[in-house]
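Letters A, B, C and D name the chains as they come in the text, with residue numbers starting at 1 for each one.
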Amino acid sequence: MIIILKDNVDQRQLDALKKWVESQNVCVHQSQGTQSTILGLVGDTVHIDIDMIKQLEIVEDVRRIQEPFKSANRKFHPLDTVIDVRNRKIGDGNLCIIAGPCSIESEEQIMTVAASVKKSGAAMLRGGAFKPRTSPYSFQGMRDEGIKLLLQAGKANDLPVVTEIMDISQLDLFAEVDVIQVGARNMQNFELLKQLGHSKQPILLKRGLCATYQELLMSAEYIMANGNDNVILCERGVRTFETYTRNTLDIAMIPAMKELSHLPVIIDPSHAAGMARFVAPLSRAAVAAGTDGLIIEVHNDPARARCDGPQSLTMEAFASLMTELDSLHKLLHK
Amino acid sequence: MIIILKDNVDQRQLDALKKWVESQNVCVHQSQGTQSTILGLVGDTVHIDIDMIKQLEIVEDVRRIQEPFKSANRKFHPLDTVIDVRNRKIGDGNLCIIAGPCSIESEEQIMTVAASVKKSGAAMLRGGAFKPRTSPYSFQGMRDEGIKLLLQAGKANDLPVVTEIMDISQLDLFAEVDVIQVGARNMQNFELLKQLGHSKQPILLKRGLCATYQELLMSAEYIMANGNDNVILCERGVRTFETYTRNTLDIAMIPAMKELSHLPVIIDPSHAAGMARFVAPLSRAAVAAGTDGLIIEVHNDPARARCDGPQSLTMEAFASLMTELDSLHKLLHK
Amino acid sequence: MIIILKDNVDQRQLDALKKWVESQNVCVHQSQGTQSTILGLVGDTVHIDIDMIKQLEIVEDVRRIQEPFKSANRKFHPLDTVIDVRNRKIGDGNLCIIAGPCSIESEEQIMTVAASVKKSGAAMLRGGAFKPRTSPYSFQGMRDEGIKLLLQAGKANDLPVVTEIMDISQLDLFAEVDVIQVGARNMQNFELLKQLGHSKQPILLKRGLCATYQELLMSAEYIMANGNDNVILCERGVRTFETYTRNTLDIAMIPAMKELSHLPVIIDPSHAAGMARFVAPLSRAAVAAGTDGLIIEVHNDPARARCDGPQSLTMEAFASLMTELDSLHKLLHK
Amino acid sequence: MIIILKDNVDQRQLDALKKWVESQNVCVHQSQGTQSTILGLVGDTVHIDIDMIKQLEIVEDVRRIQEPFKSANRKFHPLDTVIDVRNRKIGDGNLCIIAGPCSIESEEQIMTVAASVKKSGAAMLRGGAFKPRTSPYSFQGMRDEGIKLLLQAGKANDLPVVTEIMDISQLDLFAEVDVIQVGARNMQNFELLKQLGHSKQPILLKRGLCATYQELLMSAEYIMANGNDNVILCERGVRTFETYTRNTLDIAMIPAMKELSHLPVIIDPSHAAGMARFVAPLSRAAVAAGTDGLIIEVHNDPARARCDGPQSLTMEAFASLMTELDSLHKLLHK
């Protein structure tokens, strides 16, 4: 951490600041210039509140040098984290494909889609039971009943299941769920994150619509600091001024997360594009950029889907995409 | 709602679509052109799922004409909503000032600030007990104890209190709170919004960091559709590429909300600026643009605040700002 | 400037870097820590290329402490710059209103509008002759002929004129123009800025659609470094995800520019809003936040304007707004 | 185009509007509803000014159905445009790699880099002579001399050359340049675009920092409407709130442009990333998403580059990337 001081600071205030910093087990180095004085803080500054120092009368500005996250930081954990979900691995160089409908709509629907994506090579089954819809007048998901149907379809096809939690009060219903998803709109629902930190279930943490890399990793830190190291990061497009696509897929998040963190990172091309016809090129791009996996919306009848139909692949399109991605992944990892 | 059809559509599919729309009690008018065919849907289209129609094979694009919100819509409720909080009115042309520390830190602190802002003319007292901090290593608020101290300070100074809820499970603790705040990061925590819809307590709903006006009003709609009409909208700055200020205050939200909705709208200059020295100009701008109120962070010792010190006004600066805003408001409303 | 070094750097490379920095007349202070080493560069670092240093093998990161602009920087020029345009002052606490049509359309139109805004109290006349339109099929302005008509209308009403230049080749036509406007889309047309630096005419420099404060000031610096100190900064709304308004007016730019620079700053509420009915509240907000002036689109017949009709005030609405702004400005400056 | 009328409109005004629209050779279809009346305009509406209609008293809103660009529109030109630059093809399924230094710095430098990228398989040579730098104090390019050295290096290695123009006045110097680049900051320098429309040289048009797809295509339209159909579109990252990368690469622009337009589209991973170490993953992603080419910064000594060193590949890294991209492209096109 670097503290830039104002001109002509009061020596007693400066001494007090330096003494306080040292009391936090952090060393202070002072650079005296003609125009400005700089304090370099060297040590573990994660617990030092940058805002508090900024407010001091003698301080012009404060900048962080070290990242404010620790558990998720590659610097303190150089090896890739590999997450094991009933023997499916995420983060070991493998390409883990999670597929299924946006929302669970009926037993027939989820059983049909599950069997199909299994056959096409998906490693896990997704399906929403609790749906965060912008409008209170839109379908809100089958809730408890949806979770049951998803678990049933997962068992019948030997597929671990991934589904989204929207509130702490739903946690009991998620006991048998293999991977608990935290949606983009809940990425900074800190009370929920803390609770999930007390679980051991893997958490698929989606990046918020306008969250920075650092904020995403700080949210992962909330889970990890509470005891759960099984966090999968997920990019699903950010909000920009461009409205042709639903969101703007930030493909550079893949190498960025590999650099900043040891956690696996996957891509959701369906929500990024908002259009089924863009899912294939975005999926190929993600694999080429080194993603650990993809989460893709697949529906047995997209035109009648109760949610996100326009961005769902048909089961046939998904099967064909899987073949393509497989040869691409092989080429890049041979 | 307007449906733009593809060229040379199948007549049977078109007839099926028209029949289905009419079954939803919505009229269809067809405009046949040489290059394109357009269906105009006239009637109450709030319940029609735009995504589902987009996905149909014969459809090129769908556009909404009517806003997807009803309860919050000025078209269906032309008169301003005035919210009464123990005889303090918000939305009647009055300027309602809510002031207090970012977080409640001690009995002495909240009692001192409460007495001071009361004397300066604040209508309500704010103070955070549950704090949504980006870092799990930052101060998380005094929680239950904080709520108690806030209520005590409110009573001692005859000030209604405003404080933020972060999770449904905290609801019992808010029984005596006068106005429940939903923070920017929880603006689309739909399960929380639904629960607050079952309360009768006024809700101060903050706009999310990258939420559109329509999304903010859809979140208000979640509360209103569940039975609680007492919603106060709050702009606190949005996220842009500019980092000199903490957020970018969208001052045009004031006239925009007055046009789109009948709900009162207030401004949070402290979070928008992130710097105490910008709070006065932004507050004046908000009053000049017609805000119904302001929520301002005030601290008895900003340099020692445990949270958001840099953006907190001293009690003296707040007193002086109040005098200024009062004469400004009087000039504009005479 | 702060240079953060990688762990275990090569001592010879470090010595070479320090020697090179010192050869640029900048002092180096080294802070040695257990985890990281920091070099503090103290002196005039404007000419040091941050990118070049970033690329060095031993360097982890580089951060600027001092702003990279000098001529526009308040630190080196504490007093407000006051620009004199034929005795109209901008920057001295006065409120300078520039008004007129988006584009000059005919002699009758510009003469009518000029006489009307003069009567209402405008200090200068605006009008576009060269129009930067998104579509090549839209009206591109009256060009040479437009400039003549504008000058004629200015003379007839004793109003200095402001009009936009789009290319260096047009410069000769601007010889008698009082204030030359550089539009948002040309804010980083550096060849044009350099040429304008060789003029003595005041330049009204509009902020680009997604330009940071620093980039705007660097563009002002291009003009000033070439010899022309008469730069007026103008905020006209930035691009965000919100599309209800044409742009998002960044009202905080007013206090920010007052802090960073000594140059006057004005607001264009017409382009920010894109809707005539929002021009009054945004203008009031700008005056309340301390703007040095406003540039407002006024048309004698907005419904028949060839450009930007929806955001133009009628002459009557402008007259009424002027009265309002006058009393507001008086209140704030008494 | 769809015109949504206000309630209870004046019949004479409505008739006048309909008559005027029909006089523009556009048909009008009226949909009368209980709550609203809609006019559907069918025909060639490119020349109808949406703003002018919006301003009419009887009009609530206007929405465009057809895109406002014609020459660049795939609907009117279904086949891919293939641009031939001295027998190098762009747009025919081939992968066209343009490589070279950010700026031309010396004869030795450009000759060395040209020979090396030629050997590695680059199809064209890039190099900046006129440099748009944010700071007037940064290196501004070798200008005339730079163009000469670039042409010399191109000839010596049988490589067509690509270089950026910054102002119309430089056009004579570009007579022998094979592809003229328009930079992101000049994407809406409409006077420059018009002039380039009178040339026959291919234009590499970079997307602006916050330009929408439609705005990029409207800028292409400026060139094409003036007679030059040889436009290559280029995505180089857009500006978002994320600052870890220099810009955010919008990878979805590739399928989007293939859908909206027939023009070839290439990717600039160097400016998007701002870091050499991200160039390889972003390049692979672009190839996997179907780009027609890449423009990559390569330097013989990045640590001493006078511009953009941090994002330049070494010649060795470029050679190795070329091998990788070649096998990737082959797999995807077999």
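Throughout what follows, a contact is a pair of C-beta atoms (placed from the backbone, for glycine too) under 8 Å apart; a residue touches a chain by one contact, two chains touch by 3 or more.
Keep in mind the model is a prediction, meaning the values are calculated, not measured.
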item	value
Identity of the chain that, by mean CA position, is farthest from subunit A	C
Comparison of C-D and A-C (more C-beta pairs in contact)	C-D
Distance between the centres, which are taken as Cα means, of subunit D and subunit A, whole angstrom	32
Subunit A-subunit C separation of Cα centroids, rounded to whole Å	39
Cα-centroid distance, subunit C relative to subunit D, in whole angstrom	26
Touching two or more other chains - residues of subunit D	210, 239-241, 243
Touch list for subunit A against partner subunit D, complex	210, 212-214, 238, 240-245, 248-252, 254-256, 259-260, 272-273, 277-278, 281-282, 284-290, 327-328, 331-332
Subunit C residues within the subunit D interface of the complex	46-47, 49, 51-52, 54-57, 68-69, 130, 132-139, 166-170, 185-186, 188-192, 194, 209-210, 215, 218, 221-222, 225-226, 239, 302-310
Subunit A-touching residues of subunit C, taken from the complex the two chains share	2, 4, 27, 29, 31-36, 38, 40, 42-43, 61, 63, 65-66, 239-241, 243
